[in-house]
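Below are two complexes that have subunit A in common, paired first with subunit B and then with subunit C.
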Partner chain A sequence: MTEPLLRVQGLSMTFSRKSGFFSRVGEELRALNDLSFTINAGETLGIVGESGCGKSTLARCLLRLLTPTAGQIYFAGQDLLALPDETMRRMRQRMQIVLQNPFSSLSPRLNGFQLIAEPLRTHTTMSRKEMMDEVAALLAEVGLPSEFMSRHPHQLSGGQAQRIALARALALNPDFVILDEPTSALDVSVQAQIINLLIRLQKQRALTYLFITHDLGVIQHIGDRIAVMYLGKIVEETSSERIFANPQHPYTQALLSSTPLPDPSRSRQRIILPGTVPSAVDPPSGCSFHPRCAHVMDQCRTLYPAARQTSVGHHVSCHLYENGA
Partner chain B sequence: MRARVEVGSTLWYLLRDRVALFSLAFLILVALAAVFAPLLTPYAAQGMGDPDLAAKFRSPSIEHPFGTDGLGRDQVARLMFGARRSLSMGVFVVVAAIAIGAPLGTIAGYLGGWVDEVLMRITDIFLAFPPLLLAIAIAAALGASYINALAAIAATWWPWYARLARSQTLSLRERAYIEAARSIGVRDRVIIMRHIFPNIMTPIVVQGTLDVGTAILVAAGLSFIGLGTQAPYADWGVMISDGRLFFLSGRWWLSTFPGLAIFFTAMAFNFLGDGVRVAADPRLRRIQS
Partner chain C sequence: MTLLAVENLHVQFSTPFGAVYALRGIDFELSKGEILGLVGETGCGKSVTGRSIIGLLDENAEVTQGRVRFENADLLQLSEADLREIRGNRIAMIFQDPAVALNPLFTIGQQIGDVLRAHGADLRSEQRERALQLLNDVGLPDPAQLVDVYPHQLSGGQQQRAMIAMCLAAEPDVIIADEPTTALDVTIQAQILDLLRMLQRDREISVILITHDLGIVAETCQQVVVLYAGRVVEKGSVETLFAQPQHPYTRGLLSALPRAGSRGRELNVISGTVPSGLERIKGCAFAPRCGFAMPRCHEQQPAFSAFGPKQQSACFLHEPLNHD
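Showing the complex of A and B:
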């Protein structure tokens, strides 16, 4: 079996906040709690979860914008967290991110050319002429005419701005792109265009995606595999077909039931979760989902369920499936 | 959310603000009078300090609109030559303070951690002294001269810009586009120069414009107690100081005119700074048609 492009082992990120200058006790927020997963070259892993479950923290840890408190990240066989800063800086050519809101991820003072050329200026020694050609080609690839080189972010629509951000991410021909809610700030009609563009680019450039979203409807079209996160943990992970056909974790079932169906004549029984997402500063004992779970059992309150394979390629962390059910 | 700052539109709004425009015109006039002083007055030699004892203590007249001082020097010429020092002092103090404070504050805010601690504790040490007393102490230690007074005032002033730059940088550092630049692998130095500096300059320039007037006042204060410009040259502070002994004996014009010059100039810089502040912030702009 070939080495996956990205292998994450036991990744944890704990933010600590001192409560005061003289106090020793501080609050700890476990944003990521012992995550492990792999992404193979050319595939798309969707990470789904409510806001506050640690999705964006995960993206920042993978790019080493935040330093995780524990765990390893192997990218193309190299342990990213062990790389010296300068090696890591060069490694960034191969992994890029597209953030949720293009208007905040694009510097307001720069125009389209400057924005897209920034990675080229940082990592290559291209002349200005070469950069112009390259930027024009990138713009064409994301479906924008070359006039956009002279536009500033405030002159763009949301979809156009996100295309510029995408062109910037592709400029160095990366292997791996993290898409952190790339469509949630956009209008629904534009969302579909961007998703289709992402799918086309992935085919043309053999890209590997980590697609972070809270919207299962979006990920259905693009994800090969899907991991569902709840309070800093992956609770279920399987192929995209199977998660829609046979969701096993009660949280996944609730999440799926909340996704609107495009056909108004069909309706589905919605599972309404009681309460809200517990605070990651003070997570519930045992399974962190137990206070909201309809199937809660005694052991859920004390013991976190280990991930278990219920069928090939389908992993669930839930006590309901412990007896091989 | 779309922060949009364009120099062109800022200028356009500034020029529509009558108070700011009038202040700017006044300051340009004063600056021109300072630069072209030798061409504008027949008493250039007196402006530079030469005495003319035959004409001493003349009260204001057509010949000498602001009178003459105890050495017979025409007060208009003295004011114009004095403006060179007073105005340049105010501007240079602020420029020097920004040049020192802004990079330090930006670096402290961007890097954080121990660098931030060390730099900010140093600025705290400077801020712990009353600024005027510290300036007097430094100027006295360096010796009384124009350039030393400038250095002394700038030394008490830069911590304010360091703090301003740091706080602006802190809020900017969390912006997604800074994070995006880091994820691209842009070097910290380039991020500071290209993404942070241009975006924090607006509040710094606004504060700087407001501060020039105050710097002129402080500089005049140092000159007044003899720690600034030395005879035979004069600035406005020196002129007030020279005239103060004669004020009650009826020679009111000696201190009054340089005092008014300082008053109007400082006020003009304040109005101008306020105008720049409003013009640079789209939320404060009011459409006046």
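Showing the complex of A and C:
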């Protein structure tokens, strides 16, 4: 088997913060706790989870915008955390990110041309003429006419602005794009346009995606494999088909069952989880999901379950699946 | 039994750019004890509709036509004093962001107590007793402790529950819930929607649920009203409308949703954009984006055609072909 494009091993990110303004005692917030996963070239891995589960921290760690407290990130065979800053800067050309809200990620002072040409200006030696051509080609690729070169973000709709953000991310011809809730701020009809565009771009440019979302409908459509996160841990990871057909972790089951589907004829037993996600500053002992879990057993309160493979390519961290059950 | 009826409601906003037509004729009826979903994309007028009903529109807004019938009265004609009797008491509203709607300076118990006092519960002890009961009713754990905390000490889901408890203090007949779960995570959203269904079932409260999420409508509501550019394009019972959507916009919206089985296919897109509120629209508002548009669609506004007793859609495609 070929080496995956991205291989993450034992990644942890702990933030230290003061517990109060005058307090000298620090608190530790474990945003990511020993994550391991891989993404193959050309694949889309979906990261699903609710607010506070660490999905956006993960994105920032992968680009080394945050320095993880432990673990390794191998991108195209290289250990990113060991790279000198200058090499990492060049490496980032191959790794891009698109954020949820284009109006906060795009500078309001720049027009479409300046926004998309900025990475070209920083990383290449193109002439202005070459840049004009390149920007026009990128705009066409994301489905916008070249008039958009002169438009500023406030003149754009949400969908148009997200297209500009995509063109900017593609400017340096990356291999890997992190999409952090790219359609969550959009209306349904516009969301569909952006999703179609993402799939088309992936095919044309052989892109590898890490798609972060809380929307299971979207990830079911676009994801090849899905990792479900809860409180800084991956609790289940398998193919997109399998996770919807046979969710195994009680949290995944509850998440799927909580997602409203546009089909009133479907009668189903809803699993309604009690309580809320606990604080990552003071996570529950053992399995961090145990206070909300309907299947909780004694060992769940003390021991975090190791990830185990329940069938080929299906990994679950839950004591229910021990003893080969 | 019809409890509340919105009839031909038109609302305009005056802005520096001219009049913005937010509602261009909205009609629907809410029956006792049912949950009705008002659904549509950004700018379709769903929130304005909700706010018009209880007179909470901004100052630059004006109702130019229409009625809101509630028990033989037209709410739009009532004096501010009479409307205040109805607002909160009979028709209560829940907002998207409970952190904004709750007063940060008072405890949850004090805020519920205020509502109870306005409804004749004068004794502190009685107010506290009722507040505890209400917090318990909305499923908050440990009411005895929560009654004395400030809003910021609660999570988003707990704040929304506290907000619902405040609404219930006045024992309203109707709750208008404007995107009550949009700011919440899905597992918390499921809890709050479950609570709304319980209130409807156990207390026969009618709910107008304003949302952009068709999944929420399908799972929570009995009736649905689909809005587009300030007009109703289709309405009816949830079962029939989702099984057989008739209006091209409703069809487009449903087929734009990624879901099980859509993998590998291109999602249907609705081309173009929603018309600006500044535009005067002569014909069907959806015509410029509609794949089936005929010349008359741009000229005349289609009336509702009935599909069985439970569903209506406003589109010329439904009319028998005539030669014009």
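Keep in mind that, in the parts below, the second predicted complex is superposed on the first by the 317 of 325 C-alpha atoms of A that agree within 3 Å, B and C clash if a C-alpha of one lies under 4 Å from a C-alpha of the other, contacts with A are read in each partner's own complex, and residues count from 1 in each chain.
Methods note: a residue touches a chain if its C-beta (ideal position, glycine included) is under 8 Å from a C-beta of that chain, and two chains touch if they have at least 3 such contacts.
Quick caveat, the model's predicted, so the values are computed rather than measured.
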*Should the superposition on subunit A be reported as showing a clash between subunit B and subunit C, or a fit?*
fit
*Who does A:Pro119 touch here: subunit B (first), subunit C (second), both, or neither?*
first
*Should A:Leu5 be classified as contacting the first partner (subunit B), the second (subunit C), both, or neither?*
neither
_For A:Met149, using the defined touch cut-off, is the partner it touches subunit B, subunit C, both, or neither? Pick first, second, both or neither._
neither
_Greater subunit A contact set [subunit C / subunit B]_ = C
*Using the superposition on chain A described above, determine whether A:Leu29 touches subunit B (first), subunit C (second), both, or neither.*
neither
*Would you check which partner chain A:Phe103 touches, where first means subunit B only, second means subunit C only, and both and neither mean what they say?*
first
*Between subunit B (first) and subunit C (second), which, if any, makes contact with A:Val135: first, second, both or neither?*
neither
*Given the superposition on chain A, what is the angle at the CA centre of subunit A with arms to the CA centres of subunit B and subunit C, as a multiple of 10 degrees?*
80
*Superposed on chain A, how close does subunit B come to subunit C by Cα atoms? Whole Å, please.*
9
*Which residues of subunit A are in contact with subunit B in one complex and with subunit C in the other?*
none
*asked:* Please output the residues of subunit A touching subunit C within their complex, sorted ascending.
replied: 50-51, 157, 187-189, 191-193, 195-196, 199, 214, 216-218, 220-222, 240, 244, 254-255, 257-265, 270, 272-273, 275-277
*Which bits of subunit B are touching subunit A when the two form their complex?*
1-5, 175-177, 179-187, 190, 194-195, 198-199
*What residues of subunit A sit close enough to touch subunit B in their complex?*
60, 63, 65, 89-93, 96-97, 99-101, 103-109, 118-119, 122-123, 152-154, 165, 168
*Can you list the subunit C residues touching subunit A in their complex?*
41-42, 141, 155, 157-158, 185-191, 193-194, 212-220, 238-239, 242-243, 252-254, 256-260, 262-263, 266-270, 273
